[in-house]
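Can you read through this structure? Questions will come right after.
Chain lettering (A, B, C, D and E) follows the sequence in which the chains are written, and residue indices restart at 1 in each chain.
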């Protein structure tokens, strides 16, 4: 139980996917810095991460023990098609939810955070529960970072940021300072 | 109702500028002498401008109607003097633009005695006749907004007015014209209020006065007659206590929903000066041809409270009371918080001109503007609970659409934010820019 | 023939500076930041990416007529993933220590949008030689960015370059440089410098043009 | 009476203004910090002055180099760079090499202020950005605490202060542990009296609780300070420390210790209240304060570091745009207005 | 990411307007072909590199085990099944193995036990040698950690700290004390400034002991070295 808790905290704060592992930066830098978009993207990513954890566990347990060399390809294919399938389901049964989250789904399946989760869950030998908790922590952490960054970016829009630094450079530096602030979480709950 | 409110009698937020009323509070109202030239702009009220009904060269009597209303939200004009119509053309107005006005040359030999007529039989007038009479008298809100008064009295079916609220807050610093009226004509004020209350069918008259005018409160209380249903309510001294929504919040603890009017919470609000004008018309048959103006400010040689015929050039008013001091840099028409600067001393006194304030270097020296440090003083000052800091920054970034999300249009430009800003940011002007942009865009879209 | 050569040179050179995938197009940020805490790691990542990009571009350009439009993305991904797996195993066999440092980020080359982007935007529409030149240029540009970042971070963060000690034992390393915030901050500042160069260059060109105009 | 019309200005109303200006508010903070600064020199000797000067120099020089030139050299005059440098200096350990203090000052202004567009535009507290950078960059130097010098050691300068630029401090200095360090790693408490007076090891300006509070009261009386923020931080910290202390009093310190130890007072009175980086709405200020309080207890009690004030404030700085957005007051006459 | 994801996204809506010359069947065939070729390529490289990779891993493992078990130069993998610690060559992952080290003569030196747990930054993975007859830890090697460079990374870079684990009694349990305060056989001098990382190492060893000590057979009853099992066959896969 302790272990699950730490996996969660670690993925959420200490080793935040965006701020410590640089994962999912493309959506951060590329997709608009609007708060609302960032939040929905975060939720959709959390959702896909959970599916990824399930898929990865399934593949690791039943398929890859026979063909470990196919891990990369099978992760990509299985995750992409599962998400596609779920996207269709959502579209059919809840158009509202689809409008809110669905448009992000195809964007996310090729996100490096997804692949990273599958690979590191495999490397660390996580079971199903651990994988899901890992995905949940990573997803919420991703959402947290995205929402904080989007809020900061929106605010920075109103600032006199020098023209030379406006844009990606500024966004990276904001992320850098936030990443510095997240260093305060290092060692959290590891001594208990 | 919040029990604390009974003690405070105030609204939330707002600012506490120095009153600065000492200059004129004790000076009785004096009449300025007649001069030889008067200018009556046709659009000195909110709504459609009036239409001149006199011709150039025509002789007019003091109090004679010279322009007619052109719409329901519009009103009439009356000649402030006996004399001749000399011109009807564009004149430079306060903000420097040209607007049509009637120029009247006073007859130097006329007595200029106002023709006090018999009281109108207001008791027998129907509400419609009453409203028509108010429009005929050209009466507008005298507090500064100059909104045609009869419009306020036209209550749509289904709405009922319970309270007539007389606004004697006079929260703008320097101004004392309402204060003097309350002191000098308490009976007329109470009688005028009684006329309006009866006609619009309100149950009670409530007169709100800030507690920095204890003599006015005292005198009004003493003069209330037993048959008058009047309550005098002392109010906390705070700006903008005199804004009608704030006043209603202070006295009745009711917030008027955005976009609605006082009548929607069963209240009708009128300024002290307006009530006096109504009294003058119904009891003495004098239409709106003059008003009380406070001349004050550090640049005024001899501050005064004056009865000024409408249309008198500011220059003449100032000349009467000793003119401007050498160091005067700016003249404001209205109060120091919301009044408007005038570009020339030739502009006339209008129906809405409550004061002429002269300011010197000390008040107008361009203050160094610092970046907004988001200290939040404006947020705590804004009586409408807006976020002026953010609105100003959005305006600077020309993000006008985002300004709308922050309820830009709810701003009444009371100036509390600019007053409280330690960084000297002209927040109100920035907000006005945003409003103008959105309005213009709406117009071009249509 | 000369013209083709010129064009090939153009395709090559644009990736290094004018359309640099990192500094200009801001692609492939994840490996860019995650593995550049030392120049060696940056080099290894750059090499692996080079291999994958050039290999995939070659294959895609070779088979561009066979690949149907509707399934092109899937086919590209399969091709890229194959090269990535090859690179992954090769690195693991040859330089296990580096492979361990890079960890999961080698497989993540699949998710590097720069690679897929080149297939979609260029390789699938051009001849084999052009596609390869373009890929080499882009990969070189990517490598250049990785090495710049990796060198700066290693020099300041560890006092060394490619593991060679530069300043002696008394040097106080700037540890933040090899931590995640250092990655963000350094890349941000490098982009700032890059912008500054671009602006200065534009100003210079304007000045020269103006001078020419006034002299003529 | 002037017959000649004055050349009238058309400056917009309101022409009246309350008295306070932004540079004045900044100066007030400097005055409030003066006793604390003197105490730092008293406790840690001449070296303290050097460290403070180095960090102020770094800040001022950077401001002058980058920000001032565009804006006509004036931005140095508003005193904010000086304040940032001083605040950063007060959070540094006494024995820090001067070049690091200088670098910290430069980073404070460079990363914390200039790139955002100068005063009023930054979203993180500049002094804390500088400190976070230093702590992440030189973790050992930043957590090596020189002991108090005492009354007769006024002219002491720590040898580590004088390390050459880019070089380590070399000699093994005499060190002592901060009250928080003692608590966290050795479960040793420090008498409250010492914490209030300030004769404990720690960063230059954080030791004397009494003087810090006195400066805070001065600022509050001058209306330069949003009192809600320090009050909510300290109350939150007291409540949560009390709860933890009840659970396990050997591991978790009592509430008063929590309030008077480490950078709690310096941070909550002088850094968290930085108007630029804290919420503008009153409700937001409460949320901000409670957030800082919760985070600091979380980091101190369960994190890897003995102190978490800096990180808590930076994290809440990051959340400030969100807090502001969701605590916009209800506009007059909107929402539940129809009652 | 945006560029290609948009195209991925638009691939969906484009599906209905199928171009006549490429019916679905051909698409599937194309994809299947691509998959087949790629599968073959991947399998090929896997087969080619597998021996080297396996050997690398085995070498790393051997070096680690021999480092934490001074004197040992042979090892065999043990797993715990059905209440019994038995040698195995199986590479399955379900059960965490430990390693028994033997000297040249084939006599037992000690166990090398892998452990892992949260450190200051991320999971720390380590291997420590345990000598059952003296109830002592006789060596410790950090295999994986992301501890702060210059500070937390002293858990493997600081020789003094590592030396703590050469002769460390585990009774009643290992405890960390402030640097220089070590006075008992079960105490470890913490690293100044990296207390959390030092404590993490000790805690991981203690926790791993809790799991394994009860599973180990009585001293003297250790499983003998089975000659059939060559070291090369030791796949180190499980040490990841």
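Just so we're on the same page, contacts are C-beta pairs under 8 Å (C-beta built on N, C-alpha and C of every residue); 3 or more make two chains touch, one makes a residue touch a chain.
All values derive from a computational prediction rather than experimental measurement.
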Could you name all chains that are in contact with chain A and with chain D at the same time?
B, C, E
Taking touch as defined above, what minimum step count separates chain B and chain C?
2
Computed over C-alpha atoms, the centroid farthest from that of chain B is that of chain E
Please find the two chains that have the most C-beta pairs touching each other.
B-D
Between chain E and chain A, distance of the C-alpha-averaged centres to the nearest whole Å
26
Chain centres from averaged Cα atoms put chain C and chain D apart, in whole Å, by 41
Computed distance of Cα centres, chain E from chain D, in Å:
44
Could you please state the distance in Å, as a whole number, between where the Cα atoms of chain B are centred and where those of chain E are centred?
83
Contacts with two or more other chains occur in chain D at residues 111, 115, 118, 121, 133, 136, 139, 304
Two or more other chains are touched by the chain B residues 371, 390
Counting only residues that touch at least two other chains, what does the list for chain E look like?
1-2, 4, 8, 35, 38, 42, 45-46, 120, 148, 150-151, 196
What chain-chain pairs meet the touch criterion?
A-B, A-C, A-D, A-E, B-D, C-D, C-E, D-E
The residues of chain C that touch chain D in their complex are 167, 170-172, 174-177, 179, 181-182, 185, 192
Using the touch definition up top, name the residues of chain A that touch chain D in the complex.
35, 147-148, 151-152, 154-156, 158-162, 165, 170, 173-174, 177-178, 180-192
Listed in rising order, chain C residues that touch chain A in their complex are 26-27, 29-30, 32-34, 77-78, 81-82, 84-85, 88-89, 103-104, 107-108, 110-113, 116, 176, 179-185, 187-189, 191-192, 195-196, 199
Where on chain B does chain D make contact in their complex?
15, 17-18, 173, 245, 249, 254-260, 301, 315, 319, 322-326, 328-332, 334-345, 359, 363-364, 366-367, 370-377, 379-380, 383-387, 389-390, 406-407, 410, 415, 418-424, 426, 428-429
Give the list of chain E residues in touch with chain C in this complex.
1-4, 7-8, 11, 14-15, 18-19, 22, 26-27, 30-31, 34-35, 37-38, 41-42, 45-46, 48-49, 52-53, 56-57, 60, 148-151
